[in-house]
Structures are given as structure tokens and as C-alpha cells.
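Same chain, two partners: chain A is paired with chain B first, then with chain C.
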Partner chain A sequence: MPDYSLKIRRYNPESGQPAYWQQFDVDLAGCSCQAAICGSCGVRINGMSRLACNTKLGEAAEDAPNGAIVVEPMGNMPVLKDLIVDMDAVHWKKVQRVVPWLLPEGDPPDREYIVDPESMIDITQSMACIHCGACVSACLSMEVDPEFIGPAALAKAYRFVGDPRDAFTEDRLLDLAEDPHGIYDCTHCFACIEVCPKDVAPMNQIMRLRRRATSDYGIKDGNNGYGHEKAFSDLIEKYGLLSEAQLLPKSYGDGSLIRAQVKPAALKELTAKLPTVIRGLRSGKVSPKTALIHRKLKDQDQIRRMYKEVESHEDRLELNLYIVGDSDAEEEGTMAEGGQEG
Partner chain B sequence: MKLAYWPGCVSRGFTPELHGAMAAVAPKLGLELVELDRANCCGAGFISEHNQELADTLNARTFALAQGVDGAAGMVNICSTCQGAQSECQERLDADAAYRAHINEHLEPEGLEYERGGAWWNKNLLWLLVEEIGLDALRERVVRPLEGLRVGPFYGCYIVRPTRRLGYELYPDRDKYLEWVIEACGAAPVKYAGSHKCCGFPIVTTNRETSLRQAGRHMADALDAGADCVVTPCPLCHLNLDLQQPESQAFVERDLGIPVLHLPQLIGLALGLDFKELGLHRHVVKTDEVQAKVAALAAA
Partner chain C sequence: MLAHDVLVIGAGLAGQRAALAAAEDGAAVGILSKVHPVRSHSNAAQGGINAALNPEDSWESHAYDTVKGSDYLGDQDAIEIMCREAPAEILALEHLGVTFHRNEQGRLGTRAFGGASAARTYYVADITGQAILHVLYEQLMKHSEVYRYEEWFTTSLVRDGDGHIVGCVARNIRDGAMELFAAKCVILACGGNGQIYNPTTNALICTGDGIAMAYRIGAPLMDMEMVQYHPTTLAGNGLLVTEGARGEGAHLYNAQGERFMEKYAPNKMELASRDVVSRAEQTEINEGRGFPDGTVALDITKVPRKRIHEALREIVNVGRDFAGVDITREPIHIKPGNHYTMGGVKTDVDGRTDIPGLYAAGEVACVSVHGGNRLGANSLLDTLVFGRRSGKHAAEHARNHKLPQVSNTVVDDEERGIREIVGRDSGNGRRVAQIREELGRVMDEHVAVFRDEDGLLKAGETVQRLKEEARNVTIDDKGTVFNQDLLGAIELGFMLDNAECVVVAALERKESRGAQFRTDYPERDDDDWLKHIDLSLDGDRPAVTYSEVTLTQWEPEERKY
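Right, the complex of A and B next:
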């Protein structure tokens, strides 16, 4: 009696035949490397992008619909044959797109570059990537926009943006912020974080890229990324609760209501939104009162004080759990070691 | 059950029908809600994108206000995005004592303090229904089983990923609860490709095409699978799926017209509340057919 049933998606594009499912009942006694290091065995198992080498058959069988473990090629990339996808056509092309090498200033030193070890801690998470493509496979933005640079390549981009030896930080950020398929095309769905076998958390690296672009370099991109973040943050500082009616025009005006009315691109975007606004009003979802008048929270002075306190630090404090781990078991703080300070 | 109640911004802004439906449903479920009217926006991921310490401070403040509600079993929210954004901050606050102490310093002038863990929790209504109220208790209260109504679940990313942050170790079936609740209401859950995917709302101002293509595709999938309507525990998803539906259908080049209910609206229908009280007239995609189906049940 076989131990496991595997339902495999078979496809040979050269055959002219459509893809089909084939079930194998197998008695498996062997084992795989379990190392999760070379990144060459990415597949979808029961719909989830992951490495085959460190997936336990028993656990996969428990999640299997109708008892058969479903194995498919990774998503968002063309299938070469059966479970093998064309990583060159998608993943590696996108990695090349972000200039994935160091661009230091001036002539190279006689010996190695000397940097403070502390300054490299921040990028160790993005350096852990093994290029298996699981995040690319799972990416929900790429599913509808194949031109999206995507999670793996953007995590790689942060590896160089965060590197103290690189001299083109601002240029890199400008490039990624202005690209309509760049950092502001990530829909914040956490799919890449969920599937990454190495805890790279690509979406978190994309958020770091955004933070660097907006807060450190004030890059006002043509995609309204800067405007949206600034509008959101400013509205909470002013009111405590979000005012959707003000968020939209402020986002298009780089965070300013006045700029939204004089910037031609903002006016165009706002005019395109008018039918949505009218439908909102007509359905009774939005009343003219909620659209025009937004009340402040009772203790709004407290919110403003918090903004002031936090934003008056010279260094921005960020706790990265990948680096510090969950230290609270010993009730000891290690905050300072894991902070990204920009 | 007494609860600290965080309704979020959107339920009091562009989806007032959600706030009203929750107010109508709560007493029917035996819930006493103490609304946190001094609490602030969760940041929806954008404040933490801007400044993590600020987001953690703002949410620690909300948690501290909730922990100060006398006799409350915990805190309940009605928004997947609030749940996810707050869980993210809570994960950091709980992980590191020194960091927590630092954030609490910002709360001190207001006389507030966030205390870690213990028995305190913050749960979305969906989690509360299954884990605290219980599906059997819900079934007992159903006076109008929604027989024949085919409902597509739409979770919202923030409540399904990342599983490690969202308590799936303790509650591994949280990504199935919506189907369970639909069944407990007497309706039939519809399986379709988009149920656990992204509505696209977070990028509707930065990449409208990617955003509305996502929204349109999921609604088309739900329709093709035979759903009469979709239900979501997230008002932000609701905005992209309902308010934007007339726009999103252009991006998938077909007519859609599928109603998108808020979770308390679906429950309210099963609990026998009337359509108006649940705000079913306040949708962009008309809910008339759903109302007619439910009205026919009552008549039968």
C-alpha cells in the first residue's frame, strides 16, 4: 500500500497538448536535503509557494485536498516543462533591473572596504535571499501587473540602498519611486512574507525603501507615493482619525490640499475620481457632512504631542524582529542592537 | 460579554452602514460594546511605513485605552486592516521589554500604559464569533437561516497573512472561519480563487490599474463560481470591491454588479434584523436581489 498520493500538474509546451494532472501513488522512504539553501526546488504545494526540500510529506498530506498532495509549478512565471518555470524570463530579469551590484564612489581601496559592522546589520535580512522565486510566485500585484519589479528584486534593491559603501542611494531610490511598477506598485498583501523560506520579508524591505525615499530624501514621485504617505500621516496628526474625503486630494497634491488644486496631474486624477465620489454620495454611503466636516478627536493634543516626541529624535527607531528575535522571554531589552537608524 | 470596541475610522467615515449594522447586531449576540471614542487611527500600514515608532506608539495608546475598560473580556474590532496593523505593532511591543518601556514613555503624560500579554486580546469580529461566542451559540440565535443564499467569502489580507503574527499557531483554522460563519448563518459558502487574495485598496491612489484589476478579477471569479453576494470583515476591501466596482469592471472588461456585504450585515440578516437597520440601502452595488431572496425566505 502506497504511503502518499501526489497529484502533479504536467505540461510540455512543445507537445501542443494542454496541461493535465497525473496522480502518483508512491511509497517514499528516502529524504531530501532539507537545507533550504540552493533555492532550486521552488514549487506550489497545495497552492502554497514553497521549497520542496524542507516540506514534510506528512504535513503536506494533512493539508491535501481529497488526500492527494497537489504539486504545481510556481506562479507568475512561464512553465518550461512540468514543474520547471523560466526563472530567467521573470525573476532574474527583474533582479537585473535593480542594478544588483555595489556602486561605490571613487577608486577602489588598496585592500578591502572598511565599514562599521553595526552599519551592515540592517541589510542582513535582505542578504539572506536564496533566489528561489517563492515570493515572485506568490506575489498578488505581479498576478495582475506582470511588469511589477516584484518582491525578490526590490528586496535585493534594499540590500544595496542600505549598504553604507554604496554611493548611489538617492539615485536608486529615485529610480524605484518613479517607476510606475516600482515600490508603489506593491499592494501590501503580505504574500511574500508568508512564503519566504528564509524570512527575508520582502514586503518589509519594500516599506524600508519607501521610508528612505520619502522621509530621508523627500522624493516626490509621480505615482503619488510620497503624497499618499504624507497626507495619511498629516491627517492623523491633525484629526486623530482618518478623513477619507481629504486623503484623496491631499495624496494627489504631494500632501497639500492647495497643490492638489493647482498641480495639473493632480487635477486630472481628481476629475477622474468624480464619478466614484458622486456614486458614494448617491448611495448614502457618504454624506456631504462627513465629506466636508471632519471632527478632531477629543484628546487630539495628545496625538500631536506623540508625533512631536517621536519625530524630534535625530535617529529613526526601528525594531526589526528578524535581527533582535523575541527577547522578552528573558525580559531583557536588546532594542539598540536591532534598530535601523536613518 | 463586555468588550472594548474599536470601530476604526472607515466604519465612521465612508462605510457608515457597517458601524450601524454592528450596533444593531451586538445586543442580539449578547455583546456590550464600550466604544473607544478617544482612540486614534491604527495607521493602516501607512504610518508604520512612515515611522514605525510612531505607529507603535499610536496603537499602544489604543491598547492601553482598551485595557482600561473595566470588566472587558478583551478588545474587538470590525476591520481586517485594523486587526493586521494593530497585530503588527503588538508583535513588536510584546517581543522586547526595553522597546515596550520606551514606547510607554510616550504614553506616560496621558497616564496610560500598555501592559504586555497575559489574558488580554484584540480580535476581529470574525475571530470573536468563532473563538469567544462560538458557532453553536450563533446558530442558536439564528431566526432566519439564509437558505439558498450563495455567499463568497472575502477575508482581506491583513487578517490572513502573515500567519505567524496573526496567531495561527494557536488558531490554525482562522483562514476558514468566514466559510464557517456563512454556514452557521444557514447560507452556502462559495469557493472561488480570490477569497484570500488582495482587494488592491492600498494602492488605489498609487497604481489605480493594478488596484482595480485585482478588485475586478476577484468579483468576476466570485460571480463565475455562482455567488449571489460577497461578504467581508474589512471595510477597506468593501470600498474597493463595492464603491469602486463600477470602475473596476472596466479593468476586467465585463459587467459585474455583485453586492458586497459587511460581516455584521450578513449576521444581522440571519438574526432577523431588517434591511434598513443593517444599511443594505447604502451600497453602491444594489443589494435588491439579496434582499428579495431573504424576504422570500421569511415569507416561506
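Right, the complex of A and C next:
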């Protein structure tokens, strides 16, 4: 293995000295599982929040400024020592905030709860969170408003809101909508989706919380998030919003969220996740080509088919892309694959 | 001094389940873990958890498979209990919120696993362990009466003059403070010792701390020679490809393209017991039919792509990120690798060890339900069933006992030991990482799938030398805040005790059974060796005794798959 040069931010609270930078020529070691499972090695590498253990040093070296890979502790959380941050003080406190346990009605049945199989797959996306804190570290809203409940904790909240066994869906939504630091505090910056090593796509979970709150329960929160959202989407309907549309192929097509087939099922999801863009598409202000075509997705017919599929659906579709692939799985040529970072 | 009725050391599935059970029964519970509970190694379990829950299935069938899988070394009374209680345990987890896979009817759905005569493995995609661990942790967050000490490292257990357990000494990793914890009973749930091997599927934290701490205060260990090699691990880094892959229909091939399991297990093929499949692979590799990198091929492309993405998603990632292979399109090279500690602290079916007030549950313990070979997806079940039983029994024990008086001198002793390590001159001794590396290699070379006396003796000598060297091991970090170097030095001591016991037991058992295959004694020998090997600390070496295997309804038979 070639040697890499690492520039690491050191801090020792016992020394009485401020943080300093130290250069090493070493292999970067993970903390425990070394397999992107335990979530204990979250850091920032070249400014990007991620797991140390699934970072390929060669790739990190390529986009390193001056050849030295810059390793810093995660952001938005106080540093305890060197690369270790206080996740209890921020992340876990916020998780605790969303009442993170199932609240079923009455006594459990004799056997299992009978629920729609899709609903379990759906919330398994949030269950996949390993609490590494990368999204918390990268969240722009959190930087501006440290009180923001934040991506990981809100994804955790969706795990209960989306769980048919939970009996307090409306209360949970009301609570999260009315909290000024709740679901309307997210600015759609996509950072959490981009950095999450487990494809939890926290922003999408937040958008689902919003849709459930507004469409299913008609919750008009005190922060006027509902009104804001509506105004926003009306605007887009009218003028289209190219910049946001362009975010889509980046965040999706590059594979940070979806690595598999972009095909009808996937497009359903895109529409459900970002109705605004689709409205943009429909209004003709954003062409599907500019909005959705990514260099890895060359098949025009495919796009057209997807488009048609979108148009033919009246209902909101809440399938998620955590688990992809349909029985009518597409052939190799239409794969919009990309290496997810890591 | 901190005091609790029941003190649980370890917050993986066994520890969390034990803590919840004890709290439900009214005990004041403290739970300690050297990493944040959700970072415990239980989160690595991908495949699932067994239970005979379907009306067509029966606990007897599950129990028979387990007995046979154990190569008749498992205690049948304990196995019966585990298999009988499994369905209720799964349902309890489901009610707490585990997002188990459902079938079309919305009921719990299963997948097939090795060594089982029915598809009885329940799962959550391929994050089963993580999903259960997180749901239990949700419950711990809810039950504020369970006091959590997260990122506390236990350095030793404490007994009183009568031999009762009275608590432990632990270090707050955040600030280095050493504290005495007094308790009416202690439940050890520290997990296994996979790190004494290199490579291993186990995380860096799996250093056998609990096994060593119990051994050091006189608790007997059992079946320590039984170390499971999992048939499908990546060469080099040891990462696991779940048995779920074979459960979903993946096949094994040698370099000549033969589906070699036809020779070794014509009926069950790839889904024979793990010891059988690992031995088959190793034989192919040793006889020159493997690939140049010392592997054979696992072909998952047989499994429909949708199914792969739905049920084996994590190994798609592992293949891509850590082996550079797209498992949906091409076979992946694998080999047997260290995976699981069947042996451990000897307990009864309520988790009680030979030391009054000390319990053990999960991978740290040896009940024994796994005997010579654990079946896939039986370990999560073991952690939960015996975690719960230990918690319940400990709560009962706590009701009938007073909080012990413990003198603070034990903390002084531990602190002195730590000052000594920190005070060593950095220039002199070997590094922790060097010794660990040598230990892992030697164990993987001589105490693996195939063993013989020569190799075991060599391994034994090396371990003794490493123990000497470890006494002078030096560390760089001399501080108190998050001093991982120091903890590494303490863990190294635990690991070497574990390794010594594994080697001694493997030398002792002069037959082949389950995971112990002695090329110099290739047959199973029920007349002389249908018994457990127990090890207790005597001076500074393990002394060997034997105990009987409990048979209830299944007489030992030849094992065929």
C-alpha cells in the first residue's frame, strides 16, 4: 500500500493548548468494525463528512489540496479530543427529542402485527441509520440554527411516523411541525443525502414527514411552513426552478442515493420526493433532458418512458428507493450506476 | 462509589436484553459499555434469527438441528429451552418495533439458513442485528430507570471474602476516572474474542474482555477450543458475506468450476453446517483447487437481482466497497475466516456462573447451546433468550440480597496497574499493535480449521512469549481523556488469556468434533470425548477438568448433511 500524507487536526483538552495540525504519512485506521457498520469513525476528510473506514485513501488523495489529505473532526458538534466529537451533546439529544420508541395502541396481538410488507421495507431505510453523525456534521441548517432537530433525528422520527404499528402518527407530526426547529427548518440543501454512507437519505424522510403532515393530516403549523412550502411550489409551477432541478441528477444520478436502475419505479420516487421539480417539468420550464439526464443515463427512450409513467399516476407515491429493482428489472444498458462515495 | 441491584457489563443484544428484563422485574439496573451501545458488535449480524414460529415447523425440529449442528456437544436441556422460547422472543421483539421482513400476507416471513431443516430464519433486510439492537436501545432510552454508562471500560470484576461477586472497577473513557461499581449481581455480556485471530469478521472491540475478567477471578470457562470459522469471508480483511447469500441460493465453486459441495454434503450442499462447509473449502484450497489468492468462489448471480437488492443489500456494498466486485454480476472470492466464539464463561440455563451473583449471557457465555459448532442465526437467539433469563434471574437474586460493602482499595490496585503501564519508557517494549498482529497470525495459522499437535504446541509457545512481551508493552498516549492506547494495552492482556485457553483446550481434545478438526485425531470419539473441557485459573495457567454433556432426547449419531 502506498504511503499517503494525512494532515490531521489534533486537539488535547488536557494540554491547555489550542488545536493544531499535524502531518502523518500513515494508513488511516478505522475505529471498530472497519466495515461501515458501527458508525464510530465519522470524520471530515477534505471537508467532506464521511466514515474513515470506507474512505479509499487513493481517491481521497486525488482531491486533496496540495496532496495532503485533510482530516478533521465532524462539524456541528463540540470536539472532545483530536477527531472525537461529543455526539451525546448533540446527536443523541436530538434523537431523544423525537420520542424514539414505538407507541402502539393497547395490548399487542397474540401473534405479530399484520402490516403491509412495503411499509416495513419503507421504514427500514431509516432503520439503516448507523448514527455516525455525518449528516449532522454536514447539515447547513444545523450550522445556522443549532437547535434544529436535524437530519438523523428526523429520519428516526419518520421510522415511527411511517410505522403502521405506531398509534401516535398525528401527534408526532403535529409536534414536529410546530417546533420552530422541526421539519420546516430544513433548507433542502441535499448535504445529508450526499454524505450518508447508508443511503438513509434523511432529507427525503423529512420531505415525507412534511407531506404526511400537510396532505394526510392538514396540519398547518405555527411556523407557516405549510404556507411557505405551498408558495414555493406554486412559484416553481409557474416559473420552474432550474437550479433546484439540476440538483436532482447530481444527487441521484451520481449514485449517492440510488445506485441502481433508474426506471419507472425509481422515477415514481423522484416525483414523490420532489414534486416541485416535476411540476417544473410539467410546466415545460424545465425540460426532462436538463433536469434528469445524467451523463451515465444516455437512453432517451428510457427517460420518455419514465416521464410517461409519472404522468400516468394520479396518486402520491411513497415508495422509497432504499431497496431497488423490480421484477421487470432493466437491462444493463439502462443502469444509472455510479460508485457511491466510499 | 456507584451502586445498582443488577450491573450489566456490555450493551450488545445480550446486555440490553438482560438490562430490560431485570428492570421490568423491578431491579435498579446499571448498564456499562466500552462503546456506545449501538456500536456494539451485535449490529454486524446480517443474516437473521432462528425460531420455529410457523405452525408447520416445531421447536423439536429446531432443537434437533441445533444438537446435530453442535456435533452433539451442545447441552440438550439448554437447547430445548432456547428453541422452545424462540417464537415468543421473536414476537416480543416484533411488538417492540423490530421491522421484520413480511410475506405477502403481511405476516413475518422467513429465509433459509445453513444446517436447518426448515426455513425458520427471521430477518430485517440484511441488518437484522442492527435493527434489533436499535429497537432495544429505543427501549433503553424509554426506560430511564435503566442507568446507562456509555463509554465506560471495565477493567476487573470484584469478589468479596466469601467468593460472592460484589461489583467491578471501570474507567470512564471520557476523563479517565476510575470508579468502583457495587452491585448485588453482575451480568457479563461482553461478547466474543474474535480479535485474537487475524483476519476475523469481528470488530476491533471483540477482545474477549468478559471471558478473561471472569477467568481471572476464578470462573470456569468451557468449550474454549470451539472457534467457528465462517465459510464465506473476504480474503485479507476478513469481512463477512452473510450465510443469507447461500440461504438465498448462491453456490460455491472451486477454481476448476466444480460445485465441490456435491462431494462433501450431497444433500444439504452449500447449506450444510458451517464447520462442514469451511472444511470442504479449506480442503479444496489445500489440495490446489482454489484460486491463487487462497480462495474459492461464491456465485450470487444465481439469485434474482431484485431479491439481492432487497435482501442482501449490505453485501452488495461490502463487495463493491471492500472487494471491488459487483456481486450481482460476478462471483466473489471467499475463504473460511474466524467468526464466532462457541466457548466462554460456563453458565447454567439461567446464566449463572460458578461464582455466586455472577451471570454471563451472549457470546461471552457458554451455556452450551452451540457445542462444537453454532448454526447460523442461532447466536442472536442465544443472546436474547439467555440475556432475558439472566436478567430475570438476577433481578430475583437482587430482591433477596443486600447491597454489599466494597472497599475502595480495589480501585487503588487498578489505578496502580494503570500508572505502571503509562509510566513505562516508550523506547523499550514492543507496541500493542505488533503483538496483536503476531498473535492473530499465529492463531490463524495453527488454531484454525485444521489443527494438529505440532502446530498447537507452536502456537502455545508463541502465546507464552507474547504474554511475556505484553508485560512490557509500551504506549504513546499518557493522558486521561480518551486514552485508547491504554485501553488497547489492557485489552491485549485479555486477548492473550483468551488465546492461551483456546490453545490449551484444543491440545487437550484429542478427537475431531465440530469446529475442532485434529488431523492427528481425525475421528469423533464419543467414548472418550463426549464431554466438555472446563478451564479454571490455577496459579497463572489454566487447569483442565471435564464436565458432562447433558443429553435429553437425542443420542449421538453420525453427522451427515
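Going forward, the second predicted complex is superposed on the first by the 222 of 342 C-alpha atoms of A that agree within 3 Å, B and C clash if a C-alpha of one lies under 4 Å from a C-alpha of the other, contacts with A are read in each partner's own complex, and residues count from 1 in each chain.
In this section, contacts are C-beta pairs under 8 Å (C-beta built on N, C-alpha and C of every residue); 3 or more make two chains touch, one makes a residue touch a chain.
A quick note: this is a predicted structure, and the numbers were derived from the prediction, not measured.
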Which superposed partner A:N46 touches (first chain B, second chain C, both, neither): neither
Chain B versus chain C as contact partner of A:V115, first or second or both or neither: second
Partner, of chain C and chain B, that touches more residues belonging to chain A: B
Which of chain B and chain C A:I37 touches, first, second, both or neither: second
Touching partner for A:M207 - first (chain B), second (chain C), both, neither: first
Touched partner set for A:D185, first chain B, second chain C, both or neither: first
Partner chain in contact with A:S137 - chain B first, chain C second, else both or neither: neither
Which of chain B and chain C A:W101 touches, first, second, both or neither: second
Partner chain(s) touched by A:D88 [first = chain B, second = chain C, both, neither]: second
Set intersection of chain A contacts, chain C complex versus chain B complex: 324-327
Chain A contact footprint on chain B (complex, rising order): 9-10, 12-17, 37-38, 40-41, 43-54, 56-58, 61, 84, 91-92, 94-99, 101-102, 106, 109-110, 116, 157-158, 161-163, 197-198, 200, 202-203, 205-207, 209-211, 213-214, 217, 243-244, 246-247, 281-284
Residues of chain A touching chain B in the complex: 140-141, 143-145, 148, 180-181, 184-191, 193-194, 207, 210-211, 214-215, 223-225, 227-230, 232-233, 236, 240-245, 248, 251-252, 275-276, 279-280, 283-287, 290, 297-299, 302-303, 305-307, 309-311, 313, 316-319, 321, 324-328, 331-336
Partner chain C, residues of chain A touching it in the complex: 12-14, 30-40, 54, 80-82, 84, 87-88, 95-96, 100-102, 104, 108, 111-117, 120-121, 123-124, 127-128, 130-131, 163, 165, 260, 322-327, 329, 339-340, 342
Interface residues, chain C side, partner chain A - complex: 35-36, 38-39, 41, 43-44, 91, 94-97, 99-109, 124-125, 127, 130-131, 134-135, 138-139, 141-142, 150, 174, 203-205, 237, 239, 304-306, 308-310, 313-314, 317-318, 320-322, 479-482
